[in-house]
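The letters A, B, C, D and E name the chains in turn, as written, and every chain counts its residues from 1.
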Amino acid sequence: MDDTLIGRGLKRTPLPRFLLWLVPWAALLALGLYAVYLCFAVGLNQTNMDNRFAFGLWIYLDLTVIALGAGAFFTGFLLYILKKKELKAVINSAVVIGFICYSGAVGILMVDVGQPLRAWFTFWHPNVHSMLAEVTFCLTLYLSVLAIEYAPLVLKNRRLKEVPGLLVLENQLHKVMVVFAGIGTLLSFFHQGSLGGLYGVLRGNPFAFREHIGIWPTTFFLFILSAAAVGPSFILLTTWLVGKVSKKRLVSPEVFQTLAKISGWLLLVYVVLKGIDSLVWINSTSPKTGVQVSSFYAHPPFGTWVLFAEVVLLGLVPAVMLLSRRVRARTGLLVLAAAMACAGVVLNRYIMTIQTLALPSLPFDSFLSYSPSWQEIAAFLAVLGYGVLLYSISFRWLNLFPEERELATKG
Amino acid sequence: MKLPAPVSFAVGLVPALAAGWLLFPRLLYRTEAQPLPFNHKAHTEGGMGCADCHAVAENGRFAGLPATEACAGCHAEKGDNAGINALVASYVEPGREVPWLVHARQPDNVYFPHAPHVTGDKLACARCHGPHGESTATKAYVVNRLSGYSRDIWGPSIARVGRKEWQGMKMSDCIQCHRAGGRESACLDCHK
Amino acid sequence: MKLELSRRDLFLAGGGAVAGIALSPVPWKLLDDLSIWTQQPPTPTPRPAGPLAFRFTSCALCPASCGLKARCFGAQPVGFAAVPGHPASDGGLCPLGLTAHHLAKHPLRANHPERVSGGKRERIDRAAATAALSAALAACGRDPKRTFAVVDGRPGRSLSRTYRALAAATGGLYVTPPAAGAALSLEALAKRFDGGALALGVDFSKARRVVSFGTPVLTDAGTPGLLARLRAESRRRPAAERIEVIQVEATRGRSAALADRYIPIAPGTEAAFALGLAHVLLDEKLADAAFLEARTTGLADFAALSARFAPALVEQKTGVGAGVVTALARDLAANRPALVLGGDPTAGPLSGETEAAIAALNLLLGAPFGALPVRSEAPRETDGDAKLAAATSLDALPDGSVGFLLLDATVAEGMVPWARLERALAADALVVSFSPFRAGLGEKATLLIPGPAPLEESIELEGPADAPFATLAFAPALLSPPKDLALPEEILREAAEAAGLSLPAPAAGARSAALLAARRGRLYDPAAASFVAVGDVASPDALGELFARGACWVDDATPEPKGRFALLKDGEAPRLLETALGAPTALPASLASLPRVAVSAAPPSLLLTKLTRETALFSAPAAAIPTAARA
Amino acid sequence: MHTSKHTTSLPAHRYTLVVDLDRCTGCGACGTACAVENNIPPAAEKATERTGTVWMRVHEAAAAGDGPSTFVPIPCQQCDNPPCVDVCPQRAIEYDPRTGIVAQIPVRCLGCRYCMVACPYHTRSFNWWTPEWPEGMKATLNPDVSIRTRGVVEKCNFCVQRLQAARAKASAAGQAEIDPADYVPACVEACPSRALSFGDAADEKGEVARLAKDPESFRLLAGLGTGPKVLYRSSDPAVRERLSRTGVTRG
Amino acid sequence: MLPGNTDFILDPANVIFLGAFALVLVTALGTLAFAIVSARRAVARGQAASILWHEEFEELPASARSCRHALTGELPGRHCERAFDCKGCETHARLVADAKPLPSIDTGGFFVLADRLYHRGHAWLKQEEDGTVTLGLDDLATRLVGKSDTLDLPAVGERLAENGPAFRLKAGKARVRVVSPVSGEVVETGGLGRGFLLRVRPDGPLDTRALLSGREAAAFLSRELDRLQLAISGARGVPALADGGLPVDDLSKAIPEEDRDRVLGEMLLEA
């Protein structure tokens, strides 16, 4: 029925089956939108956040998806700036995933703030010293850039490209894509960093506060690096997953190798720097404020194992795995390593968001707990539903994997 | 015949400009009637000054509009003036306050102390309120439908051009004067 | 010529329209106005109801009778501050008082008489309410088994006189709530005096050790913040002048948490603990020998009794270590003046035996006439030749005997438990409350005839019974009551007249006259922050003016009377022994978590949910029961 | 167009609150007076200790065992080096270089709550509910303080409306400086045990300046270098040691 | 933020931060505007067809992009780099033999007619005496499309661009366009039964250097047969053409329905 929308030579499941696949995700999205409606109409009392846990699941989600969505800018950077041609096979998918992650994050952020109608005040009265202002500026701009990067994919849809103007526009956009890749890299560099800086600048919180290099805390750089490191891993993971779900070969194995190697090296560098940063923090930054780092890990279940898990188990181990040729040779292990790398960043963002807030600061404070309300979880899942919907539609009607057709013909 | 491009463009431009400049202000504002007519001039000619009704108290607080009690000091009984009769009948006798619509009304979060301006800096009332005291009738209260504040806050011209010194009571007007006088202020100097 | 319109023209015109709108005021004016719109508060801040003025009055919500400095715009009070130097409260004020101006508009406020039948509230008019009252009054006169009883929380007012007259006319009872908490333990001590009627107060400023058996001395008892302030001030003086508070209590409430020493004790074993202290004091000859010699009787009998309470036995009974008992007794003896108080008004009275043990301890420590000074009552008008019923206690009400119970608006459930009143009611009894609230005892009434809310009536407030001096604070009304509100005084007189009862005329200004006539004490003018001697007040009018300004009368010191205290009354020893050797009792349930709510007749302002709901401080105190009590 | 407002020197006035912990009984009068003065609404039905709007919160700092507790009233600490000002993305928080007051401007706030995360004293409240008063109670609201909407962050501004009124009064009397007696926050006025005192620490001869130098005075979380202008005092060295510590050794 | 904003502070931090963002914003918008303007300009200049063709050509599999001189064996396995535009091709200029028309050739059952010039997109062109040219589908494509197809021919007066779409056709699920070998204006539309599909008046003098004829065309067709075989065999589970056997009249029947679109697209050079 929608054959004329599906790229030539691409095998896609029949439309009814596709629509059936969309139903659960659309249901998630609908439930989430209802939760969002509640938050707008009744207020943020619908969440389980409170004055002490002022950030919750949503900010955690934002930090996480933006880190994972870093694949978009980093692949673009590798492809257009560093001319890693083989990554052409995944750039389209990376852009779509990036767009989903960023638009989802911005959407959730708009629900998360108490007065969304005043959100534009940030642009009109910016406090340039605030990491959050930097995040807001970079995020909105970068989301626009992602939309521009998304546009050629849409314009190249089989049906749309029959309109001469659109195809020409696609062609012209493609020609200037290097500029957008550059802008995207610059913006991503700053907002990934600023998201890290968000916590690193918290002078009042010795658990989060880090030494500054120039005007930026070390978390600024660590976030950039960790995002760049797991971006390719996440692309690898999603490409593999899409391949599994659609039962297709989408990219040639060399692409996975390239992604894994890049991810592995960056992760290794990140782990080393994170290690150094942690040592400085443990021995100098935190003690200077009068707090021994051990006190941060005195509240079960947040023991020192968290630090170990983050840096070694889900940092160093996947880095070494990704760099090992023998691991890379086996898809199962390769995917496991990529998943571990992603999990490492997910854990890092969790610690930065949740443990930072849970820890006591005043001498008579207690360690706090927080569990999100169904509304928060539903809104969270709505982003997932939205992502799967948009990705599924894109996968069906747009040519996300240029190599797919050739690989299919090869049999 | 094909229309030349500038003509086509103008076909859109001109009505849009007209709508924006002429129709929009009409839609944006609505006019409300004051509860009573009031003749400032008749009062000031009788030798009264602004401060006789709009005084700054010893504790620095501005009294704003006089209470009905103050009006009743002179207008306790009906006479031959319809306005005064309405005042006496509707407000003085039942002991109600007159719900004047105040052109200078500012948003809730604005704190404007008259004392530093009037007593401290000796600014004339007319500096901000204009030649209000010479009016012989109450000015129609034109209110912004969206913000809910008088058009006088913005000023008569929608473009805010060609305004007289006293026209406009937006924060930018306050700041303009403060900066000119080298009086830097913190937010909470003028907000509450 | 045919005009050809192409898509291009449409685009151009559209572009022109966009450009036109962009060049018009629409975008930025809309943005500006909408941004103001997004900043509008949901509730507009009220405009001042008039010029700013400060007025003084006193808080009638609890017996502390604190001075209030009200910040008013026109007639509308918007906030209160404490009045430093006020003789009754000296800057004391609690959250209840700080929110007293909310109560007149409390959601539970009733403005019209309401009849309750079958759980349903039905608004009735004033005539119907008066008719119901007069019918009930008449019925009480006819049927001797259905008595009329009136409970008055603040005796001594003009309305109290009407109550007493009504009780006398119907052969009913005029009931006043019993002393509670520390006042009760003082009363128990005073009753042991053989030199005539005696009233004792507490002067914390003269004490160096305060032992409290469950009395929330640092928080909710007496004048807010007084002891805490005195204690803190003493901490910066030499060690020998410091005040320390020892809280002996089964639960660790806020007062216990604040005490210098908190001694957890098995509930109901206070008497054993007090006798243990007495044992050590006598055994080690630490008691105030001079005071015992000059001012007490029965020392030998008491010594024989207390000798049985060696610290080891006390430890067994109370769960408090023997060493702790000995050390505390020595500490008290070494740091006199020391005083002992007992009882929490919110947790029911202590047993008479416990009060006896506490009284004996005070005597051993020589507390009376020092830290427990003699005080007089504030002058009251004389009864004259009017027929007025005398005040009786609750115990005078036999079960099932009351056909018409009248509850004054000042009676708090914490003073007179509803369960006790309910027991006294006959079948189909009429319960009338003058409370302005559908809350507390007002909620129990079958006929609610709401009177003025707090701050709506001018009232004279006698200070708490445990203050060192008598005070009489004047509380001029800050608010005007609703226009058609039926005043209890008026409605009662109408009903009495309808029932054919004759009441003496109201004695207007009698209290002022009595005050002037007594020529005792001084009057504090809060606006001027100065005192004027009563003798210097020229006329009742001048006094009235002071009243209107929220003045407060304070008594002079009362001379020490002659007489002796009985350490043991006749036949008391066996009962005391039995109680002290008895088993621990169950933990008393605390009535309220919010300070003073239990002793206030009005419901707390909704704003106090800030404390009860939005802070963790005012939840019920955690039980800290010693091991011995659990077994 | 003008140049930076940021200054490195200390402000001309340094309004400072001194809390004598020896005196505090945790009665809640300060917080109640604060709520009355600052038009803070009654608690919403489902509000809790952690979701309520409380500008002046009293914490109980328990000692080990049955030792006496200390009750610690904590309003905004009005830091001289506030960790919150720089994190706000749209300048809804401002440090007034003339008074040292850290001002929260709720109408500018978008409710991102980053400042709440940044503040180690937990003195901010987010309006999780729409502020609501029963109809009759609205007349008792303070006309000098504007009401905040749902979804914004608010906190103690040291009753700055009283400073404004004091300034206006001084202006009316032709004076340049306010009478210190005219500027006393509501909590200070209400405290029954006079645990709170308030004044200008820049006034070297003033009581507050003297207390600030007193060895019994300390600051909460002094190790963080935030420079609070709320000082705490205790005659008990153990309390001082316990409360001036940064961080919790064991939860 | 802007000077109109009352609380704007002119300090280095603001200048750097806002300046940087303004720069990035201007760059992004400028680039976007540039892309849109150049796209508009290209469309106005009639370059759309060429751009489309070049984009499609880039995406063609290597086998479809071989140089005409590789088809004839003159050059070993060379791929065309000019999107079959031989006019400016140096290699072509060097190698081009005499363009004398050869008689019609039967190559494996397909006829290469002497009076036609063949485009690599399987359209033929015939020069008519009145200066117009007629266009049609070559033998292979005709059989590939089969009988039951629908043609979507441009209207008279529409313009065709060399290598731009000449017309579209549908065959079952397949939907494919045929590339025009010439630029010009459509003057008459034909039909399947009329010997031609379009009659076009070329723009300016006809340049047929990019078109094949004679032996070249025969070599092209036989090479296309190989490609077809490959394309069909690529489809899973489909029997290939009988090895070496003559092509059937209606080749379309040999292609499974679900592969028709792909195979047709591949053969008619539409990506």
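A few remarks follow.
Keep this in mind: a contact is a pair of C-beta atoms (placed from the backbone, for glycine too) under 8 Å apart; a residue touches a chain by one contact, two chains touch by 3 or more.
These numbers were taken from a predicted model, which means no experiment stands behind them.
The most central chain, judged by C-alpha centres against the centre of all protein C-alpha atoms, is D. Of the two interfaces, B-C and B-E, the higher number of touching C-beta pairs belongs to B-C.
Each chain's centre was taken as the mean of its CA atoms, and the one lying most distant from chain E is C. Mean C-alpha positions place chain D and chain E at a centre distance of 76 Å. The centroid of the Cα atoms in chain C and the matching centroid in chain D are 31 Å apart.
Rounded to a whole number, the gap between the C-alpha centres of chain A and chain E is 41 angstrom.
Chain A and chain B have centres, each the mean of its CA atoms, that are 53 Å apart. Residue positions of chain D touching 2 or more other chains, listed in rising order: 2, 5, 48, 51-52, 60, 62, 91, 107-108, 130, 145-147, 149-150. Looking at chain C, residues 34, 39-41, 44-45, 47-48 sit in touch with two or more other chains. In chain E, the residues that touch at least two other chains are 7.
Against chain A, in their complex, chain E makes its touches with residues 1, 5, 7, 13-14, 16-18, 21, 24-25, 27-28, 31-32, 34-36, 38-40, 42-43, 47-49, 51-52, 55, 59, 61, 173, 175, 231, 234, 236, 258, 261-262, 265-266, 270-271.
Contacts from chain A toward chain E in the complex involve residues 3-4, 8-9, 11, 123-126, 128-129, 133-134, 137, 141, 144-145, 148, 161, 164-165, 167-169, 171-173, 175-176, 179-180, 183, 186-187, 402, 405-406, 408-411.
By the touch criterion given at the top, residues 34-35, 38-39 of chain C touch chain A in their complex. Those residues of chain D that touch chain B in the shared complex are 2, 5, 94, 96-99, 101, 103, 105-108, 144-147, 157, 160-161, 164-174. Residues 115, 117-118, 121 of chain A touch chain C in their complex.
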